[in-house]
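Presented below are the structures under discussion, each in the form of structure tokens.
One chain, subunit A, appears in both complexes that follow, with subunit B as partner in the first and subunit C in the second.
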Partner chain A sequence: MGRYILKRVGYMLVTFYVVVTLTFLAMKMLPGTPFKFANRLTPEQLNQLKHYYGLDQPIPVQYVHYIWNMLHGDLGGSFQYGMQPVTEFLAQRFPISMQLGIESMIIGTILGIVLGIISGIYRGRFLDWGTVTLTVVFISIPSFIFAAILQYCFSVQIRIFPVIGWDTPMTHVLPVISIGVGVMASIARFMRTEMVEVLGQDYIITAQAKGLSTPAVIYKHAIRNAMIPIVTVIGPMTAAVVTGSLVIENIFAIPGIGSQFIDAIITNDYPMIMGTTELYAALFIVTIFIVDILYGVIDPRIRVSGGKPA
Partner chain B sequence: MDHLLEIKDLSVVFHIFGADVQAVRGISLQLNKGETLAIVGESGSGKSVTSKAVMGLIPNPPGEIATGEVLFEGKDLVKYSKKQMQKVRGKDISMIFQDPMTALNPTMKIGKQIMEGLIKHQSLSKHDAKNRAIELLQLVGIPNPEKRVDEYPHQFSGGMRQRVVIAIALACNPKILIADEPTTALDVTIQAQILDLMRGLQEKTGTAIILITHDLGVVANLAQRVAVMYGGKIVETGTLDEIFYNPKHPYTWGLLSSMPKLHAKTDKLLAIPGTPPDLSNPPKGCPFAPRCPHAMKVCTEHMPAYTELSATQKAACWLLDERAPKVDPPATIGVGGES
Partner chain C sequence: MTTSNADVTKELFVPADLNDSVSEQISGESVSAWRDAIRRFVTNKGAMASMIIIFLIVVFAIIGPHFFGYGVDDQDVSRANLPPKIGALSWIPAFSGHEGGVDVYKEKKITKNYWFGTDQLGRDLWTRTWMGTQISLIIALIATLADVCIGVVYGGVSGYFGGMVDNVLQRILEIIAGIPSLVWIILLILILQPGLVTITIAILATSWLSMARIVRGEMLKLKNQEFVLASRTLGANDGRIIFKHLIPNSIGMIIINTMFSVPSAIFFEAFLSFIGLGIRSPQSSLGSLINDGYQMLQIHPYQTLYPGIIISLLLICFNIMGDGLRDAFDPKLRR
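The block that comes next holds the complex of A and B.
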């Protein structure tokens, strides 16, 4: 197990390095400059600015410089915010996005799994049809539309929740629901499919033939096996939700990292783009690693201890 | 005589895509204490459905026991509630399945899978149940059971898994064991081992066995009585010797002829031409008539009644009617169990 983890960490670092390099190159190919009024500046002024931000050096030199600084925990300063360190921005804004994402994931996953199980058990009956219809609706409606509807209903018409903001628990409710329903719907659909599949397996009949009650068969034999593929879905979905709630952050004016990312790309704020991308990449890589470990915990067949059973 | 299990006029229907598939059409069977009854027939003849009906495991919907009784020690299991049936399953009647590769839960230790029934039916503590599970593994011939009890199914070979499945089935000393093609998915060498194991266990425990199979070699190995099923009906029953040495129904002849023989002069396999009837629209007469080389006009029109040939043997065939022409069984009938 220890060796496996070490090996995986090695791969993760390589992956991360490749992502950083590719992003760096791609960023250099972006049209435009970070300077807002570049066309009104004289060449000397422009050169001075470029020199100030270190952009006058050849790209390989900039690259080595960047990597060297990164290894020392320095991601550079934001061009748009007076060279304030990017790490400070990330440290300040990322926890907010993280909290929003994790709250949505927890609620969405739990509800999704429960709905999926119920739907799978009552396949073809009314409860199943209801759930399937509901999930299709929730997957089809984009989260920003849903967010707007929620705001209209529960902030404007019935004034329960604040329209925007991110401070008291009450402000969390609408954004978390907006993201959570999508998560719930996707997971419910996966879970339903898996339940239907697992309930048709021979070992379910074996369990019934032992005389176990239906709840015992479902709880002890069906759900665990149905959960295995769900774990794979939840991992990347968590990464995507934590990092990808840009629109929702905008609608609810949540000072998360999503809006920061968009701003950085529009303004060619190179260090900020790099920093945000690196954070996303790291998050994704770590999540997938955790999923692989979890996989082994749930499914003994792929326990990663080098062939030796636990 | 009081039978341990008596199936009376059992019919099972599956409602699928607007059609009613009559998988089992009014069969009657008896099973006595400690004996082995083989139900043989080709795929789709209703063997497995019969066994599932006894276990109360017909999926509903789409399946349904339309008529009939399944009397276990005189009590009708068909009328049992779900809860009552759960107390019978695994305790009084248990089952071995065809494919040991899929019959075990891949994410549960095999010890735990054996213990479940013990905890449910015998109210054993976890500790006692585990000790009993180790005993059972020993009983079914799994070496090093103390260690293997904590392993997962994927760490066992096919034959070993079937031994585990048997251990699960025998955990609570059932009175009836239904073995649904217990050796079909196994290698030939392993088949013999599993059959030996089943015979040995039956001698030790006195469990009655219903053996579902299409392999007449297995039948010859294990069974005392045989019921031949075709098209959802039992066409002939008798003792092992009667069925193998003195079969009366042309379908039984066909089955026996199609068994490959070691000393046969030809190198051709004999098959019964044609396919089994469509049971969503079952034939009026004898279901075997379209494939029967001796079919007469009456065969397609009316289902023949059983002719009692001895105290133990009966067959449903018009050839046994006194007005029918005399037909001798084909010379190709091989006698099983001698190889």
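The block that comes next holds the complex of A and C.
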């Protein structure tokens, strides 16, 4: 186990290093300049600006410089906001994205597990059929379309919720539903499969044979066992939700890193783009790592040293 | 268990017929794996309905843009923001050409019908929607090709040769998969100009990963089986074994996985176009149409509605068809 974790940490670092290098190289290959009104500046002024931001040095020097600063927790300053440190922006905006992601995950996961259990128990009946249809529809419809529908129905037509913003609890409802519905559907689908599989196991028959009531069998034996693999989907899904909430943040004007990212891309704010990309990548890599380790801890039947379970 | 042992007498037992020619006879018609899968697929109503809907969408995507002879970018501000109107269906409120209780067509003295309405520049949305659908379908095709050409080959080579080759290829794959695909795609879009080519490259670069993993797993499972040994004994080379024996045996898994990577590719293109990093005006894609319409959502909801319905239908149908194919090819997974 210890060796496995060490190996995984090694891969994590390599992956992260590759991401950093790739983003750095991508930034250097970008067309356009990060300076506003670049075409109105004289060459001298432009050179002065470049010198100020360290863009006149050879690329390898810039690269080493960047990595060195990064190891010291400095991701550079934003070109658009007068060299204000990127880390400051991220620290300010990331918690908002995280909050949106976590709220959606919690609601989506709980509803998804409940739906999946019901669907699995009533397999083949009308209730199950309804849930399965619903989940396919919810998995398929893109979150931004869902968000647009919700916004139109509940903010424009019936004015229950505010159209945009992120301050009062009421403003949280629509964005959280927009993301949570997809999470709910995926989890429900997965949970149903697991329930059906567990209910077909011999130990369920044993439990019934020794005279346990149906609710006891379902609660004590079926649900508990069926919940284990959910951990594997929750991890990558959290990462996907936090990165994917970009569009929802945009629609509901939530001041998270997603909207910041889009702004940075549009304005060629190199350090900001790199910082956000690296944050996304780090988040993704770490979640997947935690899930892999957790999976081995929760279910001793899985041999972690055998590699990632398929 | 009402009969006690005493009721079972010797006379109840009859010797079984041991005649070989009788017991070995195949009574039913023999069914190949393919025909079996097709038979199961055809009985799946949801999957068949989805296939028909996808087929219709494909047909409309091809012929739709030529219905009225408008180009994708034919602007005419005098006919801007017209609500949908279909002459024959004008008794349905959604297609009557009325908006807010006013017959906009009469007001602007327009005699032609615009089935999906027009946008703020007076471009015909029927034409633009189907042109956008074409983009989505092209993306679907590209994702399929990437899965089959890159994913199957990569996974096949990795799983079949094993050892050092496998180790290196898997490490590379692990690193590629460790980077969120959104980051990949955004980096590519930053370097290249946003557009169909960039999205194509991005999808080629990321969508084959899960396919490679699955095919590798299948290879590991199959390569030590007897029929492979038999083939090798008869002198088949590696290429022949991979392409004639191993891949055909995992074709079910390959088809299923392709069916699931198609909707995610379609979604990704729409997602990128929606945030303005994908297809850009004057070209249209379902994502960018939804984005354009979204700006007018409060006043003219129909501009978002039809592209939204079509992309949702496409994604739902591909997912249901994928489920149907999975049930058809792998009855073990049917739950």
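What we mean here is this: the second predicted complex is superposed on the first by the 275 of 310 C-alpha atoms of A that agree within 3 Å, B and C clash if a C-alpha of one lies under 4 Å from a C-alpha of the other, contacts with A are read in each partner's own complex, and residues count from 1 in each chain.
Quick note on the criterion: a residue touches a chain if its C-beta (ideal position, glycine included) is under 8 Å from a C-beta of that chain, and two chains touch if they have at least 3 such contacts.
Owing to the predicted nature of the structure, the values given are computational and were not obtained by experimental measurement.
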Between subunit B and subunit C, positioned on subunit A by superposition, is the outcome a clash or a fit? clash
Of the partners subunit B and subunit C, which touch A:Ile273 in the superposed model: first, second, both, neither? second
In this superposed model, does subunit C or subunit B come into contact with more residues of subunit A? C
Touching partner for A:Arg224 - first (subunit B), second (subunit C), both, neither: first
Counting only touches as set out at the top, which of subunit B and subunit C does A:Asp202 meet: first, second, both, neither? first
For A:Val286 in the superposed arrangement: first (subunit B), second (subunit C), both or neither? neither
Touching A:Met29, do we find subunit B (first), subunit C (second), both, or neither? second
Using the touch definition from the top, list the residues of subunit A that touch subunit C in their complex. 11-12, 14-16, 18-19, 22-23, 26-27, 29-31, 123, 136-137, 139-142, 144-145, 148-149, 151-152, 156, 192-193, 196-197, 239-240, 243-244, 246-247, 250-251, 261-262, 265-266, 273, 277, 280-281, 284-285, 288, 310
Which bits of subunit A are touching subunit B when the two form their complex? 201-203, 205-214, 216, 220-221, 224-225, 228, 298-301, 309
Touching residues on subunit B, where the partner in the complex is subunit A: 55, 57, 82-83, 86-91, 94-95, 97, 99, 102-108, 113, 116-117, 120-121, 151-152, 154-155, 165, 168-169, 171
Using the touch definition up top, name the residues of subunit C that touch subunit A in the complex. 171, 174-175, 178-180, 182-183, 186-187, 190-191, 193, 213, 217, 263, 267, 270-271, 274-277, 290, 294, 297-298, 301, 304, 308, 311-312, 315-316, 318-320, 323, 335
